[in-house]
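Input: a single structure, listed below in structure tokens.
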Amino acid sequence: MTANKIAVAVLGATGAVGVRFVQLLSQHPLFHLAALTASDRSEGKRYAEAAHWVVEGEMPREVRELPLLPTDPEAVRRFAPEVRAVFSALPNESAAQAEPAFAQAGMLVFSNASHHRMMPDVPLLIPEVNADHLALLHHQRRARGWSGGIICNTNCTVSGPAMALRPLYDAFGIRRVFCVSLQAISGAGYPGVPALDITDNVLPFIKNEEEKLEAEARKLLGRLENGVVREADFGLSAHCNRVPVADGHLVTMSVETAQPVTPEEAAQLMRTFCRPELAGLPTAPEQPIIVREEADRPQPRRDRLSGAPVGGMSVVVGRVRREPLFGERGLKFVTLAHNTIRGAAGGSMLNAELAWRAGLIS
Amino acid sequence: MTANKIAVAVLGATGAVGVRFVQLLSQHPLFHLAALTASDRSEGKRYAEAAHWVVEGEMPREVRELPLLPTDPEAVRRFAPEVRAVFSALPNESAAQAEPAFAQAGMLVFSNASHHRMMPDVPLLIPEVNADHLALLHHQRRARGWSGGIICNTNCTVSGPAMALRPLYDAFGIRRVFCVSLQAISGAGYPGVPALDITDNVLPFIKNEEEKLEAEARKLLGRLENGVVREADFGLSAHCNRVPVADGHLVTMSVETAQPVTPEEAAQLMRTFCRPELAGLPTAPEQPIIVREEADRPQPRRDRLSGAPVGGMSVVVGRVRREPLFGERGLKFVTLAHNTIRGAAGGSMLNAELAWRAGLIS
Amino acid sequence: MTANKIAVAVLGATGAVGVRFVQLLSQHPLFHLAALTASDRSEGKRYAEAAHWVVEGEMPREVRELPLLPTDPEAVRRFAPEVRAVFSALPNESAAQAEPAFAQAGMLVFSNASHHRMMPDVPLLIPEVNADHLALLHHQRRARGWSGGIICNTNCTVSGPAMALRPLYDAFGIRRVFCVSLQAISGAGYPGVPALDITDNVLPFIKNEEEKLEAEARKLLGRLENGVVREADFGLSAHCNRVPVADGHLVTMSVETAQPVTPEEAAQLMRTFCRPELAGLPTAPEQPIIVREEADRPQPRRDRLSGAPVGGMSVVVGRVRREPLFGERGLKFVTLAHNTIRGAAGGSMLNAELAWRAGLIS
Amino acid sequence: MTANKIAVAVLGATGAVGVRFVQLLSQHPLFHLAALTASDRSEGKRYAEAAHWVVEGEMPREVRELPLLPTDPEAVRRFAPEVRAVFSALPNESAAQAEPAFAQAGMLVFSNASHHRMMPDVPLLIPEVNADHLALLHHQRRARGWSGGIICNTNCTVSGPAMALRPLYDAFGIRRVFCVSLQAISGAGYPGVPALDITDNVLPFIKNEEEKLEAEARKLLGRLENGVVREADFGLSAHCNRVPVADGHLVTMSVETAQPVTPEEAAQLMRTFCRPELAGLPTAPEQPIIVREEADRPQPRRDRLSGAPVGGMSVVVGRVRREPLFGERGLKFVTLAHNTIRGAAGGSMLNAELAWRAGLIS
């Protein structure tokens, strides 16, 4: 029955993140997918004609015939007046224009684009990391005169590190973090990375990625005070690589904490990290961080779909050990997060579920 | 004409490094390949029957019919009495027994195995980095009563970092180095990594590799004083990953120097790094370190065969920039070295050419 | 509740097919996994220590602590006296000895090994293709004096072609079939194909594979008459290639039928192919053959897990079109089958379910 | 010295085939690269800025600063009045317009585009296969009133099969050919195939490729009679696949000859196939067809650069055996050709050298 579900739309539904949104919304217990938009090129086509269904499994039957609307609140309202929230998989340039228009029109926008992420009045949200930042929405609405609003998920690469750092930061403080990423090709969208660039190869550079990782980590772990996020006060330095893997971003981390800590304490803290306030949300993982004991895990192909009830929503951490160069305040480990689930569409879905529980969508 | 060349043998000639030795010795201007040995399983076969020719190009005609001898100095002497030096591609366990036997029998052993590398009287050698360590050979011969001797090349992963650090260490000193490697599958030999483990995957662990990288870097950059290598006094922390790339080890590096340095100074120093005393040796690269300016280089497939006259002997460095977490003493960059050429067979070849110039093989 | 289930064992449980058996038996509604055997090297270890868990997802909790028994009916009986059937993932040499011993000891052996496949009294079975061949078991028991018996699944490559040919053969007859396979690396087991052999490469040869494909196809489609399988009377010529894909064997086919046929008729016949007598068996696919309309499907990564209720049990066919060189009796298409599910462990599972329905296991 | 060389230009010099032309022209003994053109987007930039240098090795120093001209004969003439011939790596749509303009302006166009290939008065040329078709140029000039002309190379996939079929066709006649290709990603140009489409995957369809392979093979092997090419009278059926390999197209072939033939005769005929009239041309391979004896060769990564003096110009054939379905007139084998060298830029280069020897460029 879709009657009691909240109607939602997906903006930019034909690309790599868009199809993941569509997939996660199929049979979602709270949300009902009522409308799809696309760029000018695809407008008017049926979804089955225009979508790049680059995810596993078949396209759900119920969306195949949906028409692709222009990315415009009027068009969505006309087609499906009951839509209350939208998931935005728009490219950055379109997001800059379209997302405020939807917010203005009274809808909550759960965005995967980077354009609004670092704006002071926009919640940049990973529910397990900083659910309280959702309160920024009130300031945003007041300041901008919107009845809807924009809530951003994070860059796909920062989700693993931010989740792993949260319990460590709270318990021991953090001074410095060195991150090196080995990122999957789906992180670049579709068509994204040309096969000729990545076959039998590594690209040791991803445009703007290191900057995003550094900035977003500090905002995510920052403290909300009087309607302002005070960025977390640690330094983070990232080197981002693209590797020939379909899905799943690995990040190796060397962390200097403020207080002494043993690898065993850190592993235990991550393993038991949980957020009771998220319990029962359809996309919330039972265990946000899975800590593996084997010497050679996590691995992208074998561990990227970890977590339940939605595979790919848990972050997997492994090789937790001493970072010798930071002595008794040093930790070294590796994180894995599914970049198009945890780090993109699944992350936004959980943001929307959190907003629903907070009474912001009804 | 092979008449005036020095006769050499390859020990363990059928595996991944062995075939690379054979390839590099074909048409070598100084050395003539006179004998090949193999493990028990292959003894007595012709080379063409037993070798895993996993390198590019055809097997040289002149070696196809060579018989595989037991790995034993007597057998080699009987077959080719003129052999003066051997290149060892033996696995570690065999190297422990066989290499001393050849040294005892008066031959110089240029070894690719790790067994003897960290022994105090064994030169661990990258000619551009520490050619003077060759002097250890005299101590070794005296101590062990050998007329031959053992000279080791390094772990394949350390060659890039050690080369890049040499000029920086000499000019500015080094305090700490964080390394994360993205290593090619050929580094594990043949058969080595099962395809099922690495297809669409990364392995975030390589057994014993991080320890070797850390220890060997300090020995390589150490100072020879009174017949003893004093290890370089910096800390190095490594995290080693295997990625789905055939050849070429990438290493991302965050370096804390002792003195302030700008990225421009560092790049210039690496670019102009050269060793006149190696000039003209057949395998010595004209430019030991090639510094790339492009944002996205070096890349394994496109840059691993860099260098002339022997492709794959230059180390390629890119993305030289400030490491923000170390302020004005911080450098960040990435190195690429061909692991079976620069980091294995080619490295040993250059060691042998250095020894030849030093009058140790004649 | 395992109380009412039939106890089974897996022979050779630690390899690529063995772990797939274990995975499929976890939560199987009819069978309960009661014992595991392994080769000498692993005997006595716990399963979690010795298994190469190279399939997606976690190892089921209930098998982690199971001890690895010797591959011997006495050992299995002693550990789990209630075992009635065994799934054999043994390598061929072991299968030759061990499978008859288990059959002699009264157990039904569902074998994935090739050793017994072509023996006249051994059913070589794909339930959708030749369920009636199960009757050979009676002859086998009588001839060999066994109370148990051996039932073989097929070579992993033949499963797609045999399934696709079944309805065509019955309706139009078949004269000649040209097959070219593009096979996944998991087809070679674990460790199987060295990554150095298949990275950025194709291997245009797989030992003994073409012979098996040719012989097994004729036996599978043959007719059982008076206890003897009369091989199907068409010619089949195969060229087998290994490609850098983890799972899923593609086979391109050019078929000459005996009667005229249009591609549309052929596609419709395959699409509607079904076996009511298998309905409700836990591993039987709702639709044995899925025919795709898109020009560029099936593709291994995107389609290999097709089918329900067990993903990977349906064969996917695409590009059904005229083979111009055979005129109005010519068909051309491509098949995809998951080689370790449909073509190995899942196939044997369905064989066992068929035997259970036939009252042969109780 | 470039003084005595023939000045040439490359049209569409920034893409995958364009850079290969530039690479092959660097240090070419007959031709001197004097001008480069590109599409509107790149016009006016320096070559080093705009080229996608996706081939191995460095961009030659002498071309880095060359300006990118519009693809227009006037612009080329103005910049380099001495240009006599051009190599066209233009996409099809541009080729349709631009190539005739250059031919009209008196230049010989050696085209890699498919647009003109099947036109009756355009030579579709592989020098070893049908050098005599060059005579079509006279008819073309007369019919079109051109002082220059257009000479096409073939589709990259047909080069291996056409070369292998030539000696067989001449000696035994050919009735039917079944081809299945396993094609490399560079065959689709740059950016070409998205990595998300081909990682851990095969695409069983390449648009228009099968039709081209079928038509071009018959024209290539056809006979020139009275200024008209009579197509060869065999049937050819192709199924084309894309596989995750960087370079090198494999094609498996089942051939029905007109006369009986043994695999040994066929192999010997291919091995000894040679064209004395091409001897000494800089890009002509010493041995056009290399026949391998090993069971598992040719392989793309290991054999694609076969041939001398220009690696990648020989076709490598392997697994020559009986095709059982065609009895004593049946042959089965596999061919490998480097798709961007033999099948594209290198093929055009050899066409130009042939034209030069024929006195058509001076």
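Which chain is which? They are A, B, C and D, in the order written, and residues in each are numbered from 1.
FYI, a residue touches a chain if its C-beta (ideal position, glycine included) is under 8 Å from a C-beta of that chain, and two chains touch if they have at least 3 such contacts.
All values reported here derive from a predicted model rather than from experimental measurement.
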Most remote chain, CA-based centroid, reference being subunit C: B
Chain centre separation (subunit B, subunit D; CA means) in Å: 40
Interchain centroid distance [CA atoms averaged], subunit A/subunit B, Å: 43
Distance between the centres, which are taken as Cα means, of subunit C and subunit B, whole angstrom: 47
Subunit A: positions in contact with at least two other chains: 54, 199-200, 244-246, 301-302
Pairwise touch network: line, ring, star, complete, or other: complete
Residues on subunit C engaged by subunit D in the complex (per definition of touch): 176, 178, 180, 182, 199-205, 207, 235-237, 239, 241, 243-246, 250, 252, 254, 295-302, 318-319, 323-325, 332, 334
Residue ranges of subunit C in contact with subunit B within the complex: 16, 54, 185-186, 190-200, 244-246
Subunit B - residues contacting subunit D, complex: 54, 56-58, 199-200, 246, 301-302, 305-306
